[in-house]
Structure formats: structure tokens, C-alpha cells
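Down below are the structures I want you to see.
Presented sequentially are two complexes of subunit A, the first with subunit B as partner and the second with subunit C.
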Partner chain A sequence: MTRAALLVLADGRFPAGGHAHSGGAEAAVKAGRITDAASLEEFCRGRLHTAGLVSAALAAAAALGLDPVELDEAAEARTPSPALRTAARRLGRQMMRAARATWPHPELDALARLFPKGAHQPVVLGVAARAAGLGPADAAYCSAYESVSGAATATVRLLSLDPFDATGVLARLAPELDRVALAAADAARRAVDEGVDALPARSAPLLEIGAEAHAAWAVRLFAS
Partner chain B sequence: MTSAGVRATARIAATADGRGGTALPVLEGEGPIALRRTRAAGSEARVMLVGAMSGPLGGDHFTVEATAHEGARLHVGSAAATIALPGQAKGAARYDVRLTVADGAELHWLPEQLISACDSELQVGTRVELAAGARLVLREEQVLGRAGEGPGRLTSRLSVRRAGRLLLDQELACGPGAPGGWDGPAVLAGHRSVGQLAVVKPEFEREMPRAALLGEFAAITPLAGPGLLVTAVAPDARHLRRVLDEAARTLG
Partner chain C sequence: MHLDHSLSSSHSHHGPSAISADAHRPDGSRRALRIGLGGPVGSGKTATVAALCHALRDELSLAVVTNDIYTREDAEFLLREAVLPPERIAAVETGACPHTAIRDDISANLEAVEDLEDEVGPLDLILVESGGDNLTATFSKGLVDAQIFVIDVAGGDDIPRKGGPGVTTADLLVVNKTDLAPYVGSDLGRMAADAKAQRAELPVVFQSLRGDKGVAAVADWVRGQLAAWRAR
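Right after this comes the complex of A and B.
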């Protein structure tokens, strides 16, 4: 494996469509729940330990080679909001296109055939990590980081927040990001023996509710 | 003083009685969990969970198992809110609920609120197994702290499997010591009550209700199968119940 592959996969410029999504930040800004760097940090922290942990564990499990069909079902059950399920599949499809072009691999081809409309993004990310020769912890890191970096970048645009402040938020979350990524990779290893129920299912009620509100808007800056 | 907590399991089994009603061949409370059969409504048998002691306390492990066999209609409620309290025993309390609903059977699981009192530590695990032709209405409400106090540590996981396939798996973790951000703008944003209403029925395979908002802090979300989940946060238990009752009415 090459560690640099992780930088390629985690790069915000990797053409997998993530920039079009705010991770719920747009809805939270509109509702007045994110107003500055401090509330962005609390938002990102909550997201990291809920949706972020779940995504990271799914990605790590896919990177370990667990059955992607079972993982996709686990992702569906952990995502009650249909708006978020649609967004996850759209992002999965875009990640698939980018990953197949970058790291051609028979497992990516097989996954694309199984889910022509896209599998949940973390599952595709995990298989992409595998194709790139990366391990479960790498996939977990990538997914956990993505779970907060998208929201932070989006908030810069939504609130005209100082980009230095947004980056400071991400830097302050780094120690927790380490813990979440490692917990996710541990859970994925347990799932090898115990099945996918061993993966976390941590939920964030306001992310689910906010996503449904957001999907009903006529005009929005971000897709989710 | 005991160092180990109380272990208790209560069991309910409901069967069709062959005369259009529902019989309860198993109705066994244990220790602090007593079960009462209350007046039936039509073909439905009604059971009330009665907490004979306060609890669960730290170190306790309570389990409730309810099975609705083919053709049975079972309604389970509780006489009062369940209050998780700190105990003398070390460690968290556990409350496990195992619900099984067969083809042609119906379960309404509608207990009163779970109140997570200050300094308590409780893990709730609710697992539901449904046959393809089963019907379920399940309500869960968590209240973070009694009036004027902070919440305890609460982890509550709800999973629903239908015809062997996972339909819903959600865990809420909140209170002091919970992973960060639980009270922040992504999760509860200062709300002190949170609840879910899960409805699963075979009719949804033909026609699924659409996603809908119920005000700013609740949503009806169709799941990736014939079921839906209502998720709501509210400032207190009374507001929460009002929203979930409204959702239940909307859904018929």
C-alpha cells in the first residue's frame, strides 16, 4: 500500500461530488442553530460522533471486505430520512465513478453492477480504499474527516465565516476524530465475527429532521 | 446493602383465542416488573406494565419479552413513566425489550416516558422481530432529567428486523459522559425530550405515506421497507407527546 493514496482519496478536490453537500449545515444555519465558529464546532462534534462514526464504521467494514450488500442494508436502516438516503446513494454513485477511474479493481466493478443507482457512499468509499490498497483504519479516517470537513467548508460559504476559523474548528476536532476513526475500525473488525449489528448505529435526530426540511425547500445552495 | 443489582425478566405471550379475541397464555412479571391484564378493547388484549419499585437503578438488569403469535392483537402500555435512577450498585443499569410479532399479528407497544434522572446511567436495548405480515406501532420517549435537574447518562438503541431484513437501527446517546455534541445543533440542541414512533404494516408495501414535517422539530420519514419512523425533539414530555399523538392521528 501507499500512504499517499489516502491523501488522494481524502482530498477535498477528489472528484466525488462532496462539495455539493453541506452535511446538514445549510439546514442548521437557516434554523439559526449554526451562527458562528463556536456553534459550527458543536455541530461538527455532534455530527462526528453520530453520522460520522456510523459512516466511518461502514467504510472500515467495506475496506475489510465485508459483504457490501449487507453493509448497504445496514446503512439504509441507520438512515431514516429518505432525503439522506437519496443523497448517500447519489454520492456513492459519484464516488464509484471517480474511484473506478482512479483505482480500477474488479470489486469496484462488481459493486457498481450490484447497485446501478449507487450504493451508500461510505460502502463505496470503503471498497475504493481497498482498491487503492488502503486499510480499514484509513477508510475510517477518510470517512470521519469527510463527515465534518464538508459541513465546515459549506458554512464558510453560508455564513461568510472566516476560512481560518473553519479550519481551526477542524483542527480542534482532530483528537476526537482520531478516537472516532479508531473506534470505527475496531467495530468493523468485530463485525467480521459478530456480523454487521456490531457496527454503531448512533443517530442525530436534528440531522434527520433538518434533512427533510431542507429537501422541501424550493431554492437551496447545497444538495443536502 | 447489595452490591449486585436486581435481575428480572417479565414475559408476555398473546395468541388468537379462536373466538375473535386474544388470549394471554403467558403473563409473568418478576421482581420489580408486574404485569396486569386490563380491559380488552374488541379483539385486542391489553397489558399494563406496573413498576412495583422505582428503578431501574444502577446495576439492575430488567428484561421484558413480548410475543404476539399468529392472529393475536396485543396492546402494551405502562402505568407510569419509568425513571432511571442512580443506585448503590456500581455500573450502568440495563433495560432490554424483546418484541416478536408473527404473521397476521399486531403489537402496539406504547409505554409511558423513560426519564433519565440526574446521575443515573442506563442502557436500553429494544429489539423487534417482525414476520412479513406483522403489524407494529411502537413509541419510545426519553426525557432528559426530572423537573429542574440535569439528565443522567442514557444510551438507547432500537432495531427492527422484518422478514429477516434489517429495517431500522438507531441509537441515541446523551447525558454527561456521552460522546461530544449530543446537546449541540446537530443532535438535540438543548431539547430535553426526544421520541420516536415506529409504524410497520404490510399495507405500506402497496402505498407508503410520504415524508412530511410536523413543525420544525419533528418529521415523518418512510423507511427503506414497509415502515416509517416519526422522530421528534421537544422542550418537554408534554410537547413531545402532543407531536407524537398528532403523527399517530395523521398516520391513521
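Right after this comes the complex of A and C.
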């Protein structure tokens, strides 16, 4: 396998359903918390160090081969909002379809049989990375990057934000993304001996609350 | 970390769900024919879907997937018109990009069609309606077996001449609202000649859902597609 598989998995065009989700940006735009590139950066920074770190650690642990059922329970426990749980499982199912078509592997087939309606997306992403021959840090990078890139591109559509500014936000977050991905991979390695409780459990209450409000809107551009 | 890939070459027939355009369901039975309906905003896609449901629901087991841009309006129109029971209509949310959901990343739509087959099947036919989009929007062959592109005379009689993937490559081109042609100054003869030039032997139907024949010609075309699908 090749390291370049990481580029395929992390590509925003990887057909796993992410384009229909805003990572909470639509709710934050409506609430006036994202209004420009500066507030988008603060939003993404908050996401990266909370939901981003948690999902990156789950993905890294799945890439290391930890029991995906235990990891799925750990993801559920770290996701209080029912709307976000639904979105995570839906995206997990879509990731599963794309991964099985791209990197056919018995572990993906087994996970799909256990969760026909979808496991939490970071868990599926981690097993997909494993099937692609990638390691835990790769999976963590992919998940951490996804946690901010989706929100940034959604904000370009929601606010007609200059796309160069949005990409600049992602570039400025890159050093922090390095630290989050490596911390996530470290936590995943500890979880091999200490169990899934060693994985981070940070939360962003406004993301959870915003997701619940968003799910009840009659008119919205994004699914979450 | 490097895992053995040789064990899994025939994945699509053994997993809990088919991966893409596979003609068979996980239990080995043949899946429903899937027909996509695309076209610009307001050309009459939802009205055509509703009319097709009326015309075909007594002879076929049917379901519909709608792809709304930012609401559930199309699904709600179909529910309000009561063309099918609500459990046979599913809505996919497309994140401001309806063409992405039918062409570049079809996973949400595939899940919707598979869930419909699981929950209300067996089905003969699933109609997948795109959100209104532009002239380049076409369905992936991984999602549908055939596609209908719906334009209307009021959108300008130069659309067939302009072409684009929808007009030139769709398996059926429907020119809708022909009853409005005299009021908007559209030349149906010119539209037919331009469509013929763009599409060669591919069929074109001129339709007015308010006229006596309504959706009959399109319904016949769908029956023909189903017969061909079953014979395959």
C-alpha cells in the first residue's frame, strides 16, 4: 500500500456524503456566531480541539485495530446530541459504502454486517484507513482535517465568503491540526493497553445545542 | 497494518448492502429499475413524477426519492397530492449542491433507494427526482439505469439548441408545458428540429400535463424501459 492513499481518503471529493453536511456551520451562521473569515477561524479552532480531537482519536484507534463495537459505544457516549448521533451514523454508512468500493476488505465487510444502518463515521474512517494500508496518525489527520474543512467550505456557500479567505483559515490552522492529530494518535496507542476510556472526551456544548436546533428547522441547506 | 486484500474480491454480493449499480440485492433477488428525472428549476419534474405515479401505481410497485435543494417541498407536494403512501416517498438533503448528490457523490441517494426496497419492497420501479439544477446536471450510472431530462417551452425555445449533457445525452428528453407555447412565443417546430440535431436517434416527448394525453407518452416509455430491464 502507498502513503498516497491518504490523499484519496482525505480528498474533499471522496464520495462519502460529507458535501451535504456543514459541521455545525449553518447553525452558527444563523445564530450570528460566524459572520466572516475571522469568526470562521474561531469556530473551526473550537471544533478542531473538541469534536475534531475526539473523532481523530476514535479514527486512530480504529486504524490500530481496536474493537470497533467498543469504539462505536465510545463515540456514542461522546456525542450527547441525538441529531449528531444520527448524522454520524448516516455519514458512517456512506463512508462504509465508499470505502468498501475503494478498498475492499474483510474487516470493512464485517463492520458493515454489524452496523447495517451505519457505525459512527470516525470508526468507519479508521477501519477504512486500515483497509487502505494507512496508520493511526494518517487516520487521525484525515478525521481532524475533515472536522474543519467541511465547516469552511459550507461557510463559503452560506455566506458567499471569499473562497481564498476560507482556505487561508484552514492553512492557518495547520500547525494546530498537527498537534491535534498527533495527540489523537498518542491517545489511541494508550487505548490499546488502557481501553477506550483513555480516548479524549472533550465536548463543545454549543455544537450539540446548535445541532439540535438545526435539525428542527423547516428550511435548511445542509443536513447537519 | 498492511492487510491481505485477496480475501475480498467478490464483496458486492456478500455484504449487507449492494455497493452501487449492482443489479441484484444482497439476498440475490433483482432490484427495482431506477429512473432519474433531472432538469432546470420549474420545468415540471415534480408534476411529471406525480403524473407518472398516478398512471403507473395500479400496475407497478413504485417508490420515489426526491432531492430538494433546501427544503422538503417536493416530497411534501407528492405527499399532499397523495400520489403514493408516505412510506413510499423518501427525501434526500443535498447541501446546496443537487448535482453532487446525483452525480459526484451518490451515496445518500443509494441509501434512500436501498432503504425503500428494504422497507416497502419488493419494488418494480424507483423514480429519483433531482433538485432543480442547470443544463449540465446528469445522473451517475451508479445511481440510475436510465434518465429523463425535463425542460419546458417557457424556459426559452433555444434550450435544445444550446444542448449540454442533459439535453444531448438523457435517455429521454421531455419538452413540457407545450400548452404555454403560444403565450411565450416558443416555436415547437424549432425545438423539435434542434433536439433532433442534438440527440440523433434518442427520443423526445412533447408533453402538456394539462392536455388529454397528459403523461401517457412518458409512462409508455417507462414501461418500455422496465420491459427491457426485466429482459436483461
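Throughout what follows, the second predicted complex is superposed on the first by the 223 of 224 C-alpha atoms of A that agree within 3 Å, B and C clash if a C-alpha of one lies under 4 Å from a C-alpha of the other, contacts with A are read in each partner's own complex, and residues count from 1 in each chain.
Note that contacts are C-beta pairs under 8 Å (C-beta built on N, C-alpha and C of every residue); 3 or more make two chains touch, one makes a residue touch a chain.
Note that the structure is predicted; figures quoted are calculated from it, not measured.
Look at A:165: by the touch rule set out above, it reaches neither subunit B nor subunit C.
In the superposed pair of complexes, A:186 makes contact with neither subunit B nor subunit C.
Once the two complexes are overlaid on the shared chain, A:15 sits against subunit C while remaining clear of subunit B. Of the two partner chains placed around the shared chain by superposition, subunit C is the only one that A:116 touches, whereas subunit B remains out of contact. Once the two complexes are overlaid on the shared chain, A:97 sits against subunit C while remaining clear of subunit B. In the superposition on chain A, the residues of subunit A contacted by subunit B and by subunit C do not overlap at all.
If you check the complex, the residues on subunit A that touch subunit B are 24, 28, 31, 33-34, 39, 42-50, 53, 73-74, 76-78, 80-83, 85, 176, 196-197, 200-209, 212-213, 215-216.
If you check the complex, the residues on subunit C that touch subunit A are 1-3, 5, 7-9, 11, 14-17, 19-20, 69-72, 93-97, 100-101, 104-108, 110-111.
Contact residues on subunit A toward subunit C in their complex (touch as defined above): 1, 13, 15-22, 63, 90, 93-94, 97-98, 100-101, 103-109, 112-113, 116, 130-131, 133-135, 154, 157, 218-223.
Chain contact summary for the complex, subunit B toward subunit A: residues 157, 159-160, 165-173, 179-182, 184-189, 194, 211-213, 216-219, 221-224, 229, 231-233.
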